[in-house]
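Attaching a single structure in structure tokens format; questions to follow.
Chain naming follows the written order as A, B, C and D, and within any one chain the residues start at number 1.
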Amino acid sequence: MSPAQDVHAMAPTQGGLRLRSVGLSGIRKPLVVRRPDREHTLAVTFHVAVDLPSGRKGSDLSRNAEILAEVVDETATRPVGSLEMACSRIASELLARHSYATEASVRASAEYFLRQGVSEEKRSFEDYTLLAEATVSHAPSGGLLLQRAVGAEAVGMTACPCAMETCRELLTREHPQLADPALRDLPMITHNQRNRTRLVFEIAEEAEVEVDRVIAAIEAAQSSPTYAILKRGDEGEVVLRAHRHPKFVEDVLRDLLASLPERFPALPDAVAVRASTVSEESIHKYNVEASHRITLGELRHPTDG
Amino acid sequence: MSPAQDVHAMAPTQGGLRLRSVGLSGIRKPLVVRRPDREHTLAVTFHVAVDLPSGRKGSDLSRNAEILAEVVDETATRPVGSLEMACSRIASELLARHSYATEASVRASAEYFLRQGVSEEKRSFEDYTLLAEATVSHAPSGGLLLQRAVGAEAVGMTACPCAMETCRELLTREHPQLADPALRDLPMITHNQRNRTRLVFEIAEEAEVEVDRVIAAIEAAQSSPTYAILKRGDEGEVVLRAHRHPKFVEDVLRDLLASLPERFPALPDAVAVRASTVSEESIHKYNVEASHRITLGELRHPTDG
Amino acid sequence: MSPAQDVHAMAPTQGGLRLRSVGLSGIRKPLVVRRPDREHTLAVTFHVAVDLPSGRKGSDLSRNAEILAEVVDETATRPVGSLEMACSRIASELLARHSYATEASVRASAEYFLRQGVSEEKRSFEDYTLLAEATVSHAPSGGLLLQRAVGAEAVGMTACPCAMETCRELLTREHPQLADPALRDLPMITHNQRNRTRLVFEIAEEAEVEVDRVIAAIEAAQSSPTYAILKRGDEGEVVLRAHRHPKFVEDVLRDLLASLPERFPALPDAVAVRASTVSEESIHKYNVEASHRITLGELRHPTDG
Amino acid sequence: MSPAQDVHAMAPTQGGLRLRSVGLSGIRKPLVVRRPDREHTLAVTFHVAVDLPSGRKGSDLSRNAEILAEVVDETATRPVGSLEMACSRIASELLARHSYATEASVRASAEYFLRQGVSEEKRSFEDYTLLAEATVSHAPSGGLLLQRAVGAEAVGMTACPCAMETCRELLTREHPQLADPALRDLPMITHNQRNRTRLVFEIAEEAEVEVDRVIAAIEAAQSSPTYAILKRGDEGEVVLRAHRHPKFVEDVLRDLLASLPERFPALPDAVAVRASTVSEESIHKYNVEASHRITLGELRHPTDG
């Protein structure tokens, strides 16, 4: 069948207005990624878009679905190195095949399972979220400009340092023995809760960020990581660890950011990080959260305070 | 305009099959309810449905939307006594106006705000969920049979009794003073978390269930209620209360059910209750939950154990 | 470390009440399933629970997480035949390891990708949902009783038959040529929308239900399946197909149920099916839905109408 | 009780890092707003935050909950003029009571019901979403700088112009009569679906934006608004209207933006608008979307194309 007239390529009915972003959202695809341990099949949610010039009525969205299918299907036989690499490849193809576009952007998120455990023999799959973005645009110089972001979100636990001191004071009134210096370090009751923390690196072309190390950085900054399998003694160990590292969301964020220069020494100063953390407070029906954006250079060479 | 042919009333193309339930879901309406304290405007999500006989192609769904609008709009000037009363009225109208139906059902849920506080001067609005259902059918005797359900969900807090004892043992090894009988009752650290508990009464025609008392029963069964406004000392009090009432989800459910005979003495033995509770475990990424259904008669006259 | 006292095994504080269901929900695991075409890694959400006798305070929930990990991890090297088989195995293990329980239940759902297309060369991954359940209990005879359920949900499209006839009438007034008998079959404009339809088989021990055939049955009952890749001409074909099969949700449900005897001839009469369908109406902000439950025997030997 | 030591005010353990945003999210409150027609009780979700200097360990979050309670509770007896006014008041209080902060921000969203109908006698409540933001910071000049945003989201309907022309061509091959010039304007079948469009104005201190007019602008830009109550003839009218105004998401966005100079003549050129639109494609399982940001000045005096 010969196709009907191309309505998308017609002039828009309303006077020309360039649109920043036109694309698909909520499209799900299975992406095969080769990781150090094994091949992972990620179920990815993609958002893909390009800009639209003022003289064209519509974006040719069926191309977006075709590109996604091609790049993703190919990974079934040739796994890609990372979610972020898939995003970069898709963004480049988008810009190449939408000849009228000046910029193409891809955002992706996917659930990711890692074998973790409170001890070696109690390891099982814990679920995390991977995040990746890629934007390709025509550089003024004539080449292509690629901006990327790669990150992860991990669920762990926080214990409140403020309520801990209040409870110590309350309980010491009832039990004066608690004032004994030998009990000064006794971890006291406080509220603790699920904490979701997200860390995303905005990186230049060559740099690589290993997501397992992003997850490790997040879990080290929470009061404690959490695990699917905890026998009785293990539960105690995790609770104890959390109460020996009581943290506000502010502490989680600062400890996470402060750890990055040492954990990611190879990344250049110009790399920016976006970090956010949410504690689903057990003593409130609402959440508490903190967020920040900063470059590795600013973290390495602080001028503030 | 004279309407087109009534496609709904035609015979179905496929050989006749009666369908149990055909209706609308996810329809939102503002319902004005008169409560002891004040008028509440509830934003309600309704599910309304009737059965469909084998000889009719479609249910006349525009009637459902009309009935909802009529009953709900009327409450703007004449508030209804409860969400459940609105459901009963809607169910009766559904059955009356779908002449081919033998049963009509309505399910509703709505957010509900109550002024609560850890103390009188720190009260502010806490949010809960109201739940109501009504089913009207033709009784074999020729009259109408009305079945109703009314309930609520409240978010509170649980503290784990098992990890508390494990931590007591772990910490006593480090701090032998904790073995002192005077410190035997010292509440010890454990994991605590948000808990969502739901209680629904399946009631006969005349009985009334006051939702504020349903919410009070739930909050009394959790380790502690939670509050929006907690100054430093208050935080300590709530944490202490939760750790002095450490509970598994099993305990929350049993304590809740065991409290009902005393809290709802006027309800007949035949009333059944559905109860469920979910703790969003701080030490795991998954939830722990328990559920049960039992009659008040069985709770009042236990034969088991 | 020797474990602390087993708080779960203690007597409950409140007078004994047996609880129907205590377990974990929202736990995510990657399950490797061997399918005719290839191995699929399903990201599964599990709900696992057992009952709890009146004399025991708590269920030993860490066993649930261990069993899930064992059964699921094993599939990384030895893929299981289906999601439902994994559920049955998990349910059996739950009952075996909770010695105090009389019934164990598992519910699972997972996203599932199939390569589909409007034509062979336009195939790409479409996403569906798999559903499975298994309940194992002690039979009065002394053996074990296994009840299973297996099903799927597919998103497709419905076009409304009623609005189509109304529009035909409205447009024929403006364009009397439409009354020409040669144009009688011209598909007319109507509202069309996303439709989500779910079909679950409740099956006995030996029977097998192939989920790809469940999905095929659902898509055949909708006005049209939908696809990720549709070039201009393909879009027209899909729209045309949907408008040549205009369907109410009632029609989708009846056509689906009526097709089952022919599509699943090997399943015994005692098998029950639960079917439900939701259309996300384009002309309303709410959804329209229908649901039914019936045995294959009743579908094969209708007595009604 | 004298409060325990103020842990929030202590120095942070990690070397000082200023944090951009620390606050509460997901807190729900009932806000009473006086509208031209009547008082509305909005169930609002708030996000409130301030920045945190490098020398302070934690933000005093209980103040945030207190301020929210005070401002919101007051509206029960003295309704506020708009959701946005409540946001501005809360932001000002946040900055005043967090003496260490340099910026306070509030974001709010709420469901909003308006009586609408395809005709006067078929009006009933349709649900929309209101959006508001306020940021208050210390201006370099010494005063306070207030930035505000106000907007809404409305669900309507789009019909695809491209598939319509493809179907016209396909059907004209089968029915050559359709080539008759008298049938040239006959609206043809196409896919149509739910569309969610959002428009937010970023405004300076004095300007006012009436949300009912924002909603009217959005509904005028969609292929058709949608309604809860549609009798048979009405359904035809809405379907016809949508098919006489077939629109891509690109068209919805451009038509919406192009209409703003005439619809909001009093707003200054410096006001920026953020617009986005999502069509839940009936022929795909994914969504199609477009977004843009532009000033009213740029819309009034286009230089592009």
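The rule is short, and it goes like this: a residue touches a chain if its C-beta (ideal position, glycine included) is under 8 Å from a C-beta of that chain, and two chains touch if they have at least 3 such contacts.
As the structure is a prediction and not an experimental result, all values here were calculated from the model.
> Give the label of the chain whose average Cα location is farthest from that of chain B.
Of all chains, A has its centre farthest from that of chain B.
> Is the contact between copies chain B and chain C built from the same residues on both sides or from different ones, judged by whether over half of the numbers are shared?
same
> Tell me which has more C-beta contacts between its two chains, A-C or A-D.
Of A-C and A-D, more C-beta pairs in contact link A-D.
> Find the geometric centre of each of chain A and chain C from their Cα atoms only, then give the gap between the two centres in Å, rounded to an integer.
31
> If you average the CA atoms of chain A and of chain D, how many Å lie between those two points?
Comparing mean C-alpha positions, chain D is 26 Å from chain A.
> For chain C, jot down the residues that touch at least 2 other chains.
1, 3-4, 27-28, 65, 127, 162, 166, 169-170, 228, 230, 232-233, 236, 284-286
> Can you tell me, using the touch rule above, whether these chains form a line, ring, star, complete graph or other shape?
Here the contact pattern is complete, since every chain touches every other one.
> So in the complex, the part of chain D that touches chain B is made up of which residues?
Within the complex, chain D contacts chain B at residues 1, 3-4, 6, 27-30, 38, 40-41, 43, 62, 65-66, 68-69, 72-73, 76, 111, 113, 124-125, 127, 228-233, 236.
> Applying the document's contact rule, which stretches of chain A touch chain B when the two form their complex?
The touching residues are 126-127, 155, 157, 160, 162-163, 166-167, 169-171, 175, 177-178, 180, 182-183, 186-194, 224, 226-228, 230, 232-233, 235-240, 242-243, 280-286.
> Please name which positions on chain B make contact with chain C in the complex.
Touching chain C: residues 1, 3-5, 7-8, 12-28, 49, 52-55, 57-59, 61, 65, 161-162, 165-166, 168-170, 248-251, 253-255, 257-258, 278, 284-294, 299, 302, 304-305 of chain B.
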